[in-house]
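Dropping the structures in below, format is structure tokens.
You will see two complexes here that share subunit A, one where it goes with subunit B and one where it goes with subunit C.
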Partner chain A sequence: MERLLFDLSIAIERGKENETSPYPPDLKGKPGAYEFTSRLLEMNCPPDTILKQGMMPGMDRIGKKFADGIVFIPEILIAAKAMKAAMTLLKPYFDNGAVLRKGKVIIGTVAGDLHDIGKNIVCMVLEGAGWEVFDLGVDVTKEKFLASLNEHPESIICMSALLTTTMREMEKSVTTIKQAFPQTKIYLGGAPLTSDFADKIGADGYFPDPHSLSKHLTGNL
Partner chain B sequence: MINKTFRFSTESLLPDISLILIEMGYSIPLADHYLSDLINDTLQQVRKHTRVQAGFIMLPKDSIKTQSNILFENRLLFEPGSIIMSQLQNVTSLAVFLATLGSDFDLWIKFVQQIDMLQAFVIDTIGSLMVEKAVDLLEEQISMQAMIRAEKCTNRFSPGYCQWLVDEQHQLFHLLPADFDWVKLQPSCLMTPLKSISGIIGLGKNVIKIPYHCAFCDNKSCYRRLKNRKGQ
Partner chain C sequence: MNSRERITRILAGEKADRCGFWLGNPHPDSWAGLHDYFGTSTEEELRLLLKDDFRWICPWNAYQHPEGKPVFDMQRPGKTLSEGGVFADTINIDEVESFNWPQPEYLDFTGYKETLENAGDFYRAGGLWSPFFHEACDIFGMENYFLKMYTHPEVVHAVTQHLIDYYLAANRLCFEECGDLIDGFFFGNDFGSQHDILVSPALFTEFIYPYFRKLTELGKEYHKQIILHSCGSIFRVMNDLIALGVDAFHPLQAKAADMDADTLKQHFSGKVAFIGAIDTQDLLVNGSPDDVIKEVNRIKSVLGPSVVISPSHEALLPDVPPRNIEAMAKAVAGK
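Here is the complex of A and B:
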């Protein structure tokens, strides 16, 4: 079982979705995350163990390699796809409460900004780290963040922006959210942002890449 | 006022596979890269989704004065900051340009994103390189115009780079020719279509073109600086 869990983590890290998937080329024809997960389930391995000792370590390793500049966005996307494939098998266990997520994250690109690839990568990495992610998409107004937070008041908020002009929109959103939900943690990211800016507008932190945010969130649990 | 619009062919803008891989972060050797097939397939489809439009307007000779700011007919036009202004000395006219790949390109990325994020990222990267290339071609055209007028050109500069506030996109858009009406500037200064680049090039008889390098600017997180540091 231990061996299979390790194989699953490698399949996720390398982005091997299933037996027929073309990536990575050196694992062509070999079983992937989907097959390892179904074998583990057949062997009655607890789904929570599959998630925490098989899937999450794989995603964590690739996220770290990305943050360290060893791999690039494609490797993250491939790994996330493998993770998603394996997750479909765990869905019933999430639904019946046999597997618990770490918590909820609401994420969106702020109003006036339509960039979403960076934000989508953050979603994938956080999902891979065991969080339930509500992606509000792009051009998200402060009202939309608030409405979602009213629905899921225990959530963490993540905001993304790519232009300095839309960073100003972040300030408005952070102020509004903190007024209504002072306890809610708000984290920021995107190319032109800095920690200083996050501090200045009263957010709880800036992270340059999804892995460093994920590490921070897990450390805070 | 000279006003020119070009419809560069998709083929003239297509990047080769190694350039795409380098843009994604990979370094040499790139032969037989595992993404090559996917990139190749995607490149075949680009033409269907691209409507390139690139153009510039050249403000009249001697209509521009530069000191600490850019004045057009003695009225303040742009305040690009000291880094860019140091390169715009002796400029007496400006070419204001815009290049875009069109809205279908954005829709294509959006559509593919729902099916395959990896291919969507490949398309996104190709798009960024293509619109940059369209600006390279525009720059050549602007240099030709300058030569005809026995003038020289500066480097190109875009709002949002080197301390120049992206807010000044508003002034820039006022100057664009009417056939760019369909390119919209959002109140946030975001251009739609997304794969668009705007900017200016200075012209003048006594302009000195200084090869641009990052020492001019102090933005530590700018991607051009990070890229140069990686030796790309």
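Here is the complex of A and C:
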């Protein structure tokens, strides 16, 4: 079982989705994340163990390599794709409560801003780290953040902005959210941002990449 | 020395009387504020006032399909790059081949030629923008494009080949008709994020360089200086791009990783010219005119003489106070 969990983590890290997927070429015809997960389930491995000891370590390793500049966007996308395929097998266990996520995260690119690749990668890494992520998309107004927070009041909020003009929008959103939900943690990221800026507008932190945010969130649990 | 000679010499790595200046191409939302501050009413009037040496003249309207179709009919439902276009789910080359690719015969450069003829003694950066990498992002969806580099490389190659074939044919027609009026072939692709290149060097070698090289070769065939626009941190691939024929990089996003003037000087000085470098992520937005003047002088001393001072993104946003633009322009000519 240990061995299979390790193989699963490698399949995810390397982006091997299933047996028929052509990538990576050296694993052609070999089982992928989907097959390893289904074998583990057949062997009655607890789904929680599959998630935490098989999937999450794979995503964590690729996320760290991405943060360190060893791999790039395509490699993280393909790992996330493999993870997603394997996750479909765990869905029933999430639904019946056999597997618990770490918590909820609401995320969006702020109003006026259409840049979303970075935000999407944050979603993938956080999902891969065991969080339930509600992605509100791009051009998200403070009203939309609030509405989602009303639905999931225990969530953490993550905002992305890539433009100096929309950083200002962030300030308004943070103020509004903190007024209505003073306890809610708000984290920021995106090209022009800095920790100073996050402090100045009353957010709880800035992270340059999703891996460092994920480490911080897990540390806070 | 007129502006045209000045920039031509700077980009060729030769001595000029001063460094160059390009205002950039302010975002549509910024013009009202600029005209208001400078008391101008047309774009050209403002450029003359600021002693702008550079004119970016792109044949945006040359493609005239009889039914008004766009050059690439991407069929994307939304407006973000990650949204999938017509090839979002394509895994088969036949589908790529049967797509309605643009026909160069619909190109008409008459209006473009007229604009160039009236451009005055300014450097003319032209040719088609030719952003094949971005267009591949659009037509697949950015995430699909990157994934297919691994899962369906043959599909990515087939699409890129069509994109580049069009740009080669179109630019050839353009240079045949208007070549004498154009000084630099200015084309763009954003290859970088704030921290690094978007795809690995190995994927650059496989999916970008072979096509990129064809564009630079075409430009060289028509004796154009090659100016590449790429936002973000492209430090890792700049040597390769220089070897592939780039004469000047634009816009040098000052705050992106390894794109600051000192690093650029250390690694690329004497090999290539620079256009841009005046930070739009903090300095031009939040700094004072004095800060801007100091920085322009610093950039001149670090990257000069092979530098054309310009914002680190040409689409100046409305949050940049016009007084900072004034300071930037004035500092160019000053000692």
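The criterion applied here is as follows: the second predicted complex is superposed on the first by the 221 of 221 C-alpha atoms of A that agree within 3 Å, B and C clash if a C-alpha of one lies under 4 Å from a C-alpha of the other, contacts with A are read in each partner's own complex, and residues count from 1 in each chain.
Throughout what follows, a contact is a pair of C-beta atoms (placed from the backbone, for glycine too) under 8 Å apart; a residue touches a chain by one contact, two chains touch by 3 or more.
A quick note: this is a predicted structure, and the numbers were derived from the prediction, not measured.
Look at subunit A after the overlay: subunit B and subunit C clash there.
Within the superposed three-chain model, A:S21 lies in touch with subunit C and out of touch with subunit B [touch as defined at top]. Judged by the touch definition given at the top, the superposed model places A:P192 against both subunit B and subunit C. Using the contact criterion defined above for the overlaid structures, shared-chain residue A:D209 touches subunit C, although it does not reach subunit B.
Once the two complexes are laid over each other on the shared chain, residue contacts for A:G118 go to subunit C alone; subunit B is not touched. In the overlay built on the shared chain, the residue A:T165 is in contact with subunit B and with subunit C. In the superposition on chain A, contact is made by A:I78 with both subunit B and subunit C.
Of the residues of subunit A, those at positions 22-24, 69, 72-74, 77-78, 81, 114-117, 120, 163-165, 191-192 touch subunit B in one of the two structures and subunit C in the other.
Interface of subunit A with subunit C (complex): residues 15, 21-24, 69, 71-75, 77-78, 81, 114-118, 120, 138, 163-165, 168, 191-192, 208-209.
Within the complex, the subunit B residues that touch subunit A are 24-26, 34-35, 37, 113, 117-118, 120-122, 124, 160, 165-167, 186-190, 192, 194, 221, 223. On the side of subunit A, the complex with subunit B involves touching residues 22-25, 69, 72-74, 77-78, 80-81, 111-117, 120, 124, 163-166, 169, 191-192, 194.
The residues of subunit C lying in touch with subunit A in their complex are 79-82, 142-143, 146-147, 149-152, 193-200, 203, 255-256, 280-282, 285, 317-319.
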